[in-house]
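The structure under discussion appears below in the form of C-alpha cells.
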Amino acid sequence: MSAPPPHPDTAALDRRDLAWYVDKLVAVLVFVGGVSAVVFIVGIFAFVTHEGWGFVSEHFSLRGFFGSIRWAPTSTSNPTYGALALIAGTASVTGLAMLVAVPFSLGAAIYIAEFATGRTREVLKVLVEMLAAIPSVVWGFIGLSVMNPLIIDVFNVPIGLCVLNSGLILGLMAAPIMTTIAEDALKAVPDTYREAAEALGATRWQVTRRVVLPAARQGLLAAVLLGVGRGFGETMAVLMASGHAINLPTSPFDSVRALTATIAAELGETAVGSTHYQALFALGIFLFVVTFVINLSADLIVRGIRKT
Amino acid sequence: MFEATDLNRRDARTQRLVRALFLLMTVLLAAPVLLILGVLLVKGGTMLSWDFLFTEPTNGMTAGGVLPALVGTVWLVAIALLASVPVGVAAAVYLSEYAPDNVLTRVINLAIINLAGVPSIVHALFGLGAFVIFFGFGTSILAASLTLAIMTLPVVIVATREALQAVPHAFREACWNMGATRWQTIWRVVLPNAVSGILTGVILEVSRTAGETAPIMFTGAAFFLPFLPASVFDQTMAMSLHLFVIATQVPDVPEALPYGVALVLIGMVLAMNALSIGLRTWLRQKKKW
Amino acid sequence: MSDAEIAVRDLTIRYGQHVALKGASFEVRPHEIFGIIGPANSGKTSFLKVLNRMDTFTAGMHFEGQVEVGGRDVRAWRNLYALRRQIGVVFPLPVGLPLSVYDNVAFAPRLAGVRAKADLNVIVEGCLRRAALWDEVKDRLNALGSLLSGGQQQRLTIARALSQKPRILLLDEFSIAVDPVTTMRIEAVLSELKAEMTIVLVTNLVQQARRLADRTAFFLMGECVTVAPTEQFFLRDADLDPRARDYVEGRFG
C-alpha cells in the first residue's frame, strides 16, 4: 500500500475551545456551591461556639449548668446560669407534642399511604402541606389569643399559657414533617409485598400491620426523630404560648420556659460580649449539638434502610 | 358458594374500624388549618382593606396599617432569594450532575440535612455572630437576609436536586454522545426541563422565608420604624416580627389588629404555597416524555 | 501507523472488579460496516463506550490497552468533546430529546457554532431526509421530538447523529424497539452511508449482520472470539471457531 493513510489532522481537531474552558469553570463553581453547605454548617457551629466560648471556659460547670434550675443571669448580686429548668421546659413541651403528634402523624401517614385514593388523598396531602406552611409566629399568636382563653375556660385554670398549650401547638407544627416522611417510608415498601399478602386473603389492615409497618419500621423511626428535632428547636410558638416562667413543670397546666425561647427573649437585652450574652450562645451550642445528634441518628437510620 | 366465616367477618369489621380511626386522625390533624383560617378571618377580616396594607402604623402601633412591615418582608425575601437561589441551584447541580459517590458527597448531604434541622434561633445566633458582628454589616436587611438565605438553602437544594433527577438519564447520554460538554448538556437540556420543578421549590422557599421570625429578630428586623428602608444596610420592619410585637409587646392594641396582621401574613404564605402546589399539579399533567 | 479507522490492541474493560471485555485486538477499516454480534453481556456496548471515551462519565468504568480512532489514541485527546463530535451514536432505545424535532437535529451543529438560520435549515432538512424521516415530520418540525413514535424517534436519533458530520457511526442494537418496516428503511440508509463514513454495527440479530456487515466480530462473555469477513460465518466449510458457529446457527444466545 502506497496511498497515504486517510486519517484527518486530529491534532488540529483536538483543540480546547471556549466550551471546554466554560465547562471546567462551571465544574469548579458548582463544586463550590456543593461544598458551601458544609462550610455553612461548620460556620454556624464555629461562630456560635466562638461567641459562647467565654462562658463555657470561665463559668461553665456540668453541675451548675445541667444541675441547677436557677437561671438568673441578670441578678446583680449572684448571677447564675442553671439550664435545668429550661431543659425541662423544652423537654416537657416537646414530650407532650410528641405524645400528640406521633400517633396522629403515623395514623395520617398510614391512611394517606395505604387507604386513601384519588382525590381524597390529594386533598389530605395538600392540607398537611398547608399545616406545614403556617409560620411559627402565627402558631404562637394562636396559642396566645385562641388557645389561652380556651384552656382557662375549659379546665378552669388561672392561666392558659402552659405546657399543654405549647405542646399541642408544637405537636401540630411537628406533625406535617412526620406525616410526610412516614408516608414516604410506607410508600418505599414495594407493592409486591402487599400483593403477595393480599393474594393470601389478608385485609388491607392485616397487610399494613403484618407486612408494611414492620418493613417501614426504620423510616417511621426516622420520621419520629425528625419530628422531635423540629419540636426541640422551635422558637416563636414556644416563646408565645408556654408562659415563659422558669419552672420545673409538674402538671400540663404549669407555665414553663424553653431553651430556644430564653435566647429569643433575652438576647436583645444583653450587651455583646457580656457573660449573659455568652451564656445565651452557650445555650445555642447545646441546642446545635442536640439537634445535630438527632438529625445524624435519623440519617443513619435511613441509610441503614438503603443498605439492606 | 363460599360461606363467610366468623373469622372473615371479624377481620372485615376490624378493617372498617381501623380505616375509620385513621381517617378520623387524619381529619383531626388537617382540620386545624381550616379552623385557624376561619378564626383569623372572622376576627381579623374586618381589618382588611387597601388602607391597612398601604398605610403606616400610627398611635404607637395601635392603629393604622402595615406598609413598612409588608415592604420590609418583601426586601428580606428578595435579598434572601438573590443569595440562596444561585448557591442552592449550584449545589443541587453539583450533587445531581457531578458528585461522585464518595465521602465528600456523603458529608455534603449530611450537611444539608443538618442545615435544615438547625433550630431557627441558632441560625439567629449565627447571623448575629457572623454577619452583624464579624462581617460588620450591623443589624441590617443584608445581615437578616443572609441569615434567612442560609436557613432556607436546603429547601432550594432539595427541590432543585429532585427536579434535576426527574430528567431521564438517557437525555444526558444522548447529549454527551453528540460531543456536548457536561455544562452544555445541563444548560440546554437538563435545566430547561427542570426549571418548573425548581420554581416550585423556590416559591416554597419564599413562603418559608416570609414567615420566619427568630432569625431576623437580632439581625435586621426592628420593632418599629416609621420609614421605609432605603438600602440593604438599613434596618426594617417585617410582617412576622410585627405580629409578634403587637401581640406581646404593645399595650392597648385593639383586638382585631393582630388578627388582621396575622391574616395578611398567612395570606401571603398560603398564596405562595397554593401557587407552588398548583404549579406542581400542572406540571404533572404536562408530560414531555 | 496503520490506516485502520479504529485500531484496538489488547483492550480490557472493567467496571470496578467486574471484567466486561478482556484482551480484545482487532481493526475496523475505513468505509466498511463492521458488525459485532454475540449474546448479552459480551462486552459489545462497553467497547462502543470506550471509542468515544464515555468511560469518563460512567462510574467505575476503566479500560486498559490501546484504542486508536483515526490514527490517534483516544486517551491522547485533550478535548474529548472534540473526539465525541467525530463519532455519532445510536442507542438501543430511541432517545428523542425533549426539544422540537428541529432543535433535536440542530443541536450538534449549534454546539459546533453554526448560528445562521438558513444554514441550520439546510442541515436539518438534509439529515432528516437521509434518515428517511423528512416526509413524516416536515409539517411538524416544532413538535416535541420526545413524543414521536418509537420508530420515528430512532430515525430522529440517526438524523441527529448525522448532523454531527461524523467520521464514524456507532449503532447499538438499533432495531430492538423498532418495527420491522422501520428497521428495513434504516438498514437501507446505512448501506448508503457507508460511502461517507465508517460504521460499527452492534446487533443481536445475526441476519442483520449478514445483510449489512462487510466484516463481523463475534464477542462472547468478554472475549473477542473471532473477526472475519461476514460471509465466512455462514460458510459450511469455513475455518470458524465452533462457539461462533454454534451462535450463528442459533444453538445458544
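So that you can tell them apart, the chains are marked A, B and C in the order they are listed, and the count of residues begins at 1 in each.
Here is the rule we go by: contacts are C-beta pairs under 8 Å (C-beta built on N, C-alpha and C of every residue); 3 or more make two chains touch, one makes a residue touch a chain.
All values derive from a computational prediction rather than experimental measurement.
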**Complete:** Note, CA centroid farthest from subunit C's centroid sits on chain A
**Asked** Once you count every C-beta pair in contact for both, which comes out on top, A-B or A-C?
**Response** A-B
**Asked** Of the chains shown, whose Cα mean is nearest the mean of all protein Cα atoms?
**Response** B
**Fill in**
Distance between the CA centroids of subunit B and subunit C (whole Å) is 48
**Prompt:** How far is the middle of subunit A from the middle of subunit B, if each middle is the mean of its Cα atoms, in Å?
**Reply:** 15
**Asked** Just how far, in Å, is the C-alpha centre of subunit C from the one of subunit A?
**Response** 52
**Asked** Listing for subunit C: what residues touch at least two other chains?
**Response** 81-83, 111
**Complete:** Listed in rising order, subunit A residues that touch 2 or more other chains are 19-20, 23
**Request:** Provide the list of subunit B residues touching at least two other chains, using ranges where the numbers run on.
**Result:** 181-182, 184
**Request:** Would you mind writing out the residues of subunit A in touch with subunit B in their complex?
**Result:** 19-20, 22-23, 26-27, 29-38, 40-44, 47-48, 50-51, 103-105, 107-108, 110-112, 115-116, 124, 126-131, 133-138, 140-142, 144-146, 172, 175, 179, 203-206, 226, 229-230, 232-236, 240, 260, 263-264, 267-268, 272, 280-281, 284, 287-288, 291-292, 294-296, 298-299
**Prompt:** Along subunit B, where are the residues that touch subunit C in the complex?
**Reply:** 100-101, 170-171, 173-182, 184, 188-189, 193, 288-289
**Asked** Contact residues on subunit C for subunit B in the complex?
**Response** 52, 54, 57, 59, 81-85, 87-89, 91, 93, 95-99, 107-108, 111, 144, 146-147, 157, 160-161, 164
**Fill in**
Per the touch rule above, subunit B residues touching subunit A in the complex are 11-12, 14-15, 18-19, 21-23, 25-26, 28-30, 32-34, 36, 39, 86-91, 93-95, 97-99, 104, 107-108, 110-115, 117-126, 128-130, 133-134, 150, 153-154, 157, 181-184, 186, 207-208, 210-214, 217-218, 240-241, 243-244, 247-248, 258-259, 262, 265-266, 269-270, 272-273, 277
**Prompt:** In the complex formed with subunit C, which residues of subunit A make contact?
**Reply:** 1, 3, 5-8, 10-11, 13-17, 19-20, 23
